[in-house]
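Across the two complexes that follow, subunit A remains constant while its partner is subunit B and subsequently subunit C.
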Partner chain A sequence: MRCQHCGEVAVISMPQHRLKLCEKHFPLWVERRVARTIESFQMFSSDDRLLVAVSGGKDSLALWEILLRLGYQADGLYIHLGIEHEGYSHVSQSYAEAFAATHPDATLHLVDVRARYGRSIPELAREGGRRACSRCGMIKRYIMNRTAREGDYDAIVTGHNLDDEAAQLLQNNLYWLRGYLQRQAPVLPQTCQGLVRKAKPLCLVAERESAAYTFVRGIEYIQQECPHSAGATSIFHKKILNDMERRSPGTKLQYYQGFVRARQDGFIIGDEDTPPLEECERCGQPTTANALCAFCRMLETEET
Partner chain B sequence: MDNNHEATLKYHEQEWQINSGMTIRHAIEKVGLDPQSVLAIRQKKLVNHQTIVEPKDEILLVNVISGG
Partner chain C sequence: MRCQHCGEVAVISMPQHRLKLCEKHFPLWVERRVARTIESFQMFSSDDRLLVAVSGGKDSLALWEILLRLGYQADGLYIHLGIEHEGYSHVSQSYAEAFAATHPDATLHLVDVRARYGRSIPELAREGGRRACSRCGMIKRYIMNRTAREGDYDAIVTGHNLDDEAAQLLQNNLYWLRGYLQRQAPVLPQTCQGLVRKAKPLCLVAERESAAYTFVRGIEYIQQECPHSAGATSIFHKKILNDMERRSPGTKLQYYQGFVRARQDGFIIGDEDTPPLEECERCGQPTTANALCAFCRMLETEET
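Presenting the complex of A and B:
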């Protein structure tokens, strides 16, 4: 199997793009694809300061590398969730730090949830009688927005890849979660003061392409999964989509891109009366609730 | 059987002895995994799934599907 650009041995075949590439041309192809995604969705401009949400996993580190290679000013944010099973949070932090150490022009911000707010994610979830993941999502979004505002960043970028987005879309479709369908987008602009723009530059890069990219670029990442993700519905949905992809290459891409176009053309109409955002009385972050935001309410109820 | 023609396939804690001469893709399917969801690494290098397994090869399969 040969590279279609140079005839060297190909390291990857991407039937959905009818493309086979070698270890030199494949990473360049990924970088160009991401550059085009950023431009076509007008995610951000070359003057913008970006904050990359880094988990220590393949996608976020691949994204950070790509943005730096494309010449963007991209700093990282690692949120230490306090997940102790097999040292998960410590180990993933060490991968984020190792990456930052080899990229001296980028800064890595570290936020330790327990050190800053008194309890880790699993502890907060236990106190509230919730699953870790349901708390984790809200807390991460809060910390990302807050860190981006405090550091004067123009956009938060996350490493969601095509498989993540297609699986999320399947979930949103199956249950017709209209609010989620409306908010699922490659880029969410700043809709109000205090809510930082969010973008997913890897949304057209398949998960195996992102993993292959990290290998070819020699980026070390945590291969261990968060222990709370065991049995996650998203993995089940990804497998279903991969079965479809095997029968018919390009299915995931068509499914997601078709949705994005439909959304842009106004086929997904949201809730007309979304409440306006106010400032949280305690922390000043935007919230739809009056008085306290969901994060401050969680800290307050779980303090008592 | 002559072990010299065998190769090793590794995935997490699992390990299989496979015959050389087939493609990596075929080997992955033979042990019951989905080729879409793994990358194959040989001598620390990414190799495509059409690569023929050579005798004594050690091929590491890396899962690419993450959840959460």
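Presenting the complex of A and C:
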């Protein structure tokens, strides 16, 4: 197997792109692909200050590396969730810190959920009688937006890859969750109501490509999956999409890109209006609720 | 396992409906479900003369039986495709004829493709260098519409079941085939341009339910799949949907019904206009082409 650019030994074959590349040309190809994704969706400009949501996993660290190599001003945000099973949060934080230590131009912000808000994610989920994942998503979105506003960042970037996006799309699509379909996009622009712009520059990079990228760039990351993710529907849908990809390479990319284009062309037009956002009375963050945002409601309910 | 209507031994459990029924109540449930589907989508009225496309398989014979039991005027149309592998066409015709023989109020129309047009489906496909399935679909649609017009039928009804429709939807959806998504519906109304109304009264009946229906009603049908269907994408997509159904009963129904509702609500709005239809210069059937319809073009090309 030979690199189609230089004829050296290829490290990866990507049948969906009919492309085989060596360890020198593959990471350059990924970086160029991300640069083009950022441009084509007008995600952000070279002047923007970016806040990368870093979990310590392969995708977010690969994304941070790529953005810095492309010359963006990109700082990181690690949210310590307090997941103690097999030291998950502790270990993942150490990978985020190790990465930051080798990139002195970038700052890593740390937010410890228990230290700041009194309880860890598993504790908050237990108290609320909810699955940890739905609580965790809400809390992370809250902390990301608040940290970005307080630090005057222009955009939050997350490491969602093609597999994540296609699985999310399949979930929204199977049940025709119209509101979610309308809001699923490579970039969500800043609103005038306090929601910082959000972008997913890896949305056209497959999980396998992201993993290979960290390998050839020598990035160390936590390989363990979040212990709460076992049995998650998203994992099942990724398996389904991989079955289809094996039969017909390029399915994931066509499915996701076709959706993005259809959405842009107005093919998917919803009947649900986005509700107006207000400021939360307690924290000042944007919310669709009347007085308190979901985050402050959660803290208040569980304090009483 | 007990029938939830009468407590007798149940013959089927339908987890997606949380329902178990006996051999008496299950077929009545299917028939009522079909009656409601016909009404809710305003497929046709009790005065309409229906032409059932009968393949000799379980779905089309189940549909014919159900329509007759519901009191509709329903004749059958069997198209002899000339598929000789293991006597496929011959055997399937014999099942259609056997069914018709026990239902003296209904007429079975027979069209033999080779006798009428000079060549069988496999021959036409071979000559055209195409896969048999795409040719077969076009030819069957042509003959169905022509037979319905010549016999003054108000609607063509086909035995597409929920699994067929969900698999077709997944195919159209994965590749965002917008024109097909716009045209996939439980009923396609008659146009003023010579296309007879088409309806799929079994679209909310799962394949497994249709098979069970023929069993309890004692309908004999060809169990062999069409020899040309081996390896078809639709079969793969049915398997994928069954994997999802097993994990989450009701997925197929929610996926298809959610799509139908979304389409009705204008959630899926296309940018592609339906081209106007003209009359084919040779046969008078409707066509989007200029002079000859696809069917007559096929015959002409292959005559030369």
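Quick notes on this one:
The rule is simple: the second predicted complex is superposed on the first by the 301 of 304 C-alpha atoms of A that agree within 3 Å, B and C clash if a C-alpha of one lies under 4 Å from a C-alpha of the other, contacts with A are read in each partner's own complex, and residues count from 1 in each chain.
Here is the rule we use: a residue touches a chain if its C-beta (ideal position, glycine included) is under 8 Å from a C-beta of that chain, and two chains touch if they have at least 3 such contacts.
All of these numbers come straight from a predicted model, not from anything done at the bench.
By the document's definition of touching, of the two partners only subunit B reaches A:Glu225; subunit C does not. Of the two partner chains, subunit B is the only one touched by A:Ala211; subunit C is not. When both complexes are overlaid on chain A, the residue A:Ala100 reaches neither subunit B nor subunit C. Contact with neither subunit B nor subunit C is seen for A:Leu124 once the two complexes are overlaid on the shared chain. Of the two partner chains placed by the overlay, only subunit B lies in contact with A:Ile235; subunit C stays clear of it.
In the superposition on chain A, A:Ile268 makes contact with subunit C only, not with subunit B.
Contacts of A:Leu174 after superposition: subunit C is touched, whereas subunit B is not reached. Counting residues of subunit A touched by each partner, subunit B versus subunit C, the larger count belongs to B. Residues 243 of subunit A lie at the contact with subunit B in one complex and at the contact with subunit C in the other. Subunit A makes touch with subunit B in their complex at residues 1, 9-13, 20, 23, 57-59, 133, 163, 207-208, 210-212, 215-216, 223, 225-226, 228-230, 232, 234-235, 238-239, 242-243, 245-246. On subunit B, the positions that touch subunit A within their shared complex are 34, 36-37, 39, 41, 45-51, 62-68. The touching residues of subunit C, counted against subunit A in their complex, run 173-176, 178, 233, 236, 240, 243-244, 247-248, 251, 254-255, 258-259, 261-262, 265-271.
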